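Reading through the structure tokens given below for one structure.
To keep things simple, chains are lettered A, B and C as they appear, and every chain counts its residues starting from 1.
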Amino acid sequence: MNAVAADGVWKYFGDYPALRGATLEAPAGACVALLGRNGAGKTTLLRILANLSKPSKGAVTVFGQSGADAKVRARIGYLGHGIGVYDDLTAFENLTLFGQLMNVPDTKAAANAALERVGLTRVRDGFAREFSRGMRQRLAVARAFLHNPDVLLLDEPFTSLDDRAIAVLHELLRDALAKGATIVMSTHQIREAMELATQVALLERGKIVHAGPRTREMLADPGWLYREYEGQHS
Amino acid sequence: MRDKVIYILGILGTLLVIGNLHHIFLGMPGEAMQGQIGKMIFVHVPAAIAGFTFYGVAVIGSIGFLITKDFKYDSLAVSSVEVAQVFALINLVTGSIWGHIIWGIWWTWDLRLTSQFMCFMLYLGYLLMRPAVAEATQRATMSAILAIFAAADIPLVIMAIRLHNVRTQHPAPVLETGGLDPTWWPPFLIAIVAFWLIGTALVLVRLRQETVGREIDSLRRELHAV
Amino acid sequence: MKQGLLAALFIARKDLRTEFRTREALNASVSFALVVLMLFSFAFDLGRDEFYDISGGLLWLVYVFAGALIVNRSFIREVPNDCLDVLIASPMPPWALFLGKTIAGFVLLLVVELVSLPVYGLFNNIQWVGVFWKLLGVMILATWGIAVTGVAFSAVTVNVRLRELMLPVLHYPLLVPLLIGAMQISTTLLKGDATDIFQELRIVIVFDLIFTSLALCLIEFILVG
């Protein structure tokens, strides 16, 4: 059984198909780099996988079950474009709140541990709105990983992170993979993605035009995949 | 084919209205207490009935959209609301004029006028909100919710106004006194049917406009995605 | 179900905590209530006894104008930083999110109302202390109706341009039956009439029941598009 599977997913916004029969399979423990130009449908697909949006046609399953089941959602960690933390709560309050909502046992301890992981213990009682951008990103990452999710859905997670935040995220992702988590991550920062990825999928105008293991060529020359497909599909 | 249906309905409805009006004004004597003005009932009440029919259709369309996510239901809803609003306006204006001629007042918060006015206001909100949402699915979902909420409110409005009038001893001028004279039923029913026909023709025209509009939106987005 | 209720309480607590910290909406709302009260004092030049006839109506006009400011912004709080997405993606059921925000909105509205009431009594020389508990009962019932419809509209219009302009057009007409009931009851209470207010109470309660159930049923459609 695949950890994450999208089967022939169509998504219409009005009459415009943002996704046209996208099919993606990620076995447990895989790290899928979801590539594609802007407007290709990466964010749409990730949102559907996270149960933020319902597909117009087709099905999406996580561990064989639909996202409508709350138990499934409890195993998913989502990091979208926005950081998903409250400006008027402290870092600690933010994490305890999300811990409670994600059914994390002993939320206070988990929040403290997460803050330590991302290096924000010192500003534990600072309001999120006072943080620098990098600190906010790290708090967001702490939130996404707080409940030790089995599936991580990340939308361009490396975009505009400072080096410290990139390092923190890298480490967290590597640890999660080591524990057997499955990751689907869309990215423009191709190099960082390729390092962690075990598989790549290229989304073009709503269709997955290439899905397969991450090869050595891709690691050496991350733009290879785009150039391969540009000729065929313009 | 579709066009033919629209034309037939429209023409039939119009002919009925004209024929009916002819009969009403030239073929029938005035009403016992109100004279010729009493014939306002042939426009005022059928407009209300047609209005509420189309509000009902709009609610059905709204529920249909929420369940199936098919845009034809959303188009049906908005088209029906627009047509219903026209009939509501006819009802309100004729009611006001009628009231002024018979009772000397342009407006009163009686049960019928008030509930019609509230309905008009609620669905006016519906129509005003639609252009403020750019994305079609969000717009349709929002509209469906608003239409259902508005419909749920109307029975409550009726309950409240009835109570309010009792409490405040508001004079409730009744514009139609007693039952309808037997000879008045046929033109009355014909008027209702005529409004239904015209309304349906208008809804169909508006439906087509909606469908074409969505296609254009879709093409526009395709263009921008390249 | 129990998880859902707990989640609702966490959300309510979060909303209340952030609002009491910044007090932006509360300050705006209370200030607005005071200004409206003042304007009404100048608008009407009635004798003491005549004033009691409109007392309930005036009170609820102030409450609904000031209160709508608060509840209509309920879901807007979740838009910065895309917090709404995280909440929807969490295991919390959508009805719990809605219920939590409605509870928070309800509490905030009551705060504004309780602060405005003495000022209202002061400006208009209205004796309300004697009927305070009954008045509080009406306030609780009617305010729930304002909160539940306001938060529902807030959810529905979270992505809409010009929502501040639009919401009065939608929300106030919908509240008319509720307000008629609440105004009538309040006037009766303040005048000290012996009239039976049961019918009006029934309208308020039915309004609350209908719109709470409707909102809870439809909220899933609103939030997961």
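One rule holds for everything that comes next: a contact is a pair of C-beta atoms (placed from the backbone, for glycine too) under 8 Å apart; a residue touches a chain by one contact, two chains touch by 3 or more.
Just so we're clear, the structure is a prediction, and the values are computed from it rather than from any experiment.
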| field | Winner on C-beta contact pairs when A-B is weighed against A-C | value | A-C
| said: Report the chain ID whose CA centroid sits closest to the centroid of the full protein CA set. | reply: C
| How far is the middle of chain B from the middle of chain C, if each middle is the mean of its Cα atoms, in Å? | 31
| remark: In whole angstrom, the CA-centroid distance of chain A from chain B equals 49
| query | Distance-wise, how many Å sit between the C-alpha centres of chain A and chain C, to the nearest whole number? | reply | 38
| query | Got the chain B residues that touch at least 2 other chains? | reply | 135, 137
| request: Provide the list of chain C residues touching at least two other chains, using ranges where the numbers run on. | output: 225
| chain C residues touching chain A - in the complex, by the definition given at the top | 3, 6-7, 10, 14, 17-18, 21-22, 80-83, 85-93, 224-225
| remark: Listed in rising order, the residues of chain C that touch chain B in the complex are 149, 152, 156-157, 159-163, 166, 169-170, 173-174, 176-178, 180-181, 184, 195, 199-200, 203, 206-207, 210-211, 214, 218, 221-222, 225
| query | Once bound in the complex, which stretches of chain A touch chain C? | reply | 47, 50-54, 70-71, 73-74, 76, 78, 80-89, 93, 97-98, 100-103, 143
| said: Under the stated contact criterion, what part of chain B meets chain C in this complex? | reply: 66, 118, 121-122, 124-125, 128-129, 132-135, 137-138, 141-142, 144-146, 148-150, 152-153, 156-157, 159-161, 163-164, 167
| query | Where on chain B is chain A touching in the complex? | reply | 69, 71, 135-137, 214-215, 217-218, 221-222, 224-225
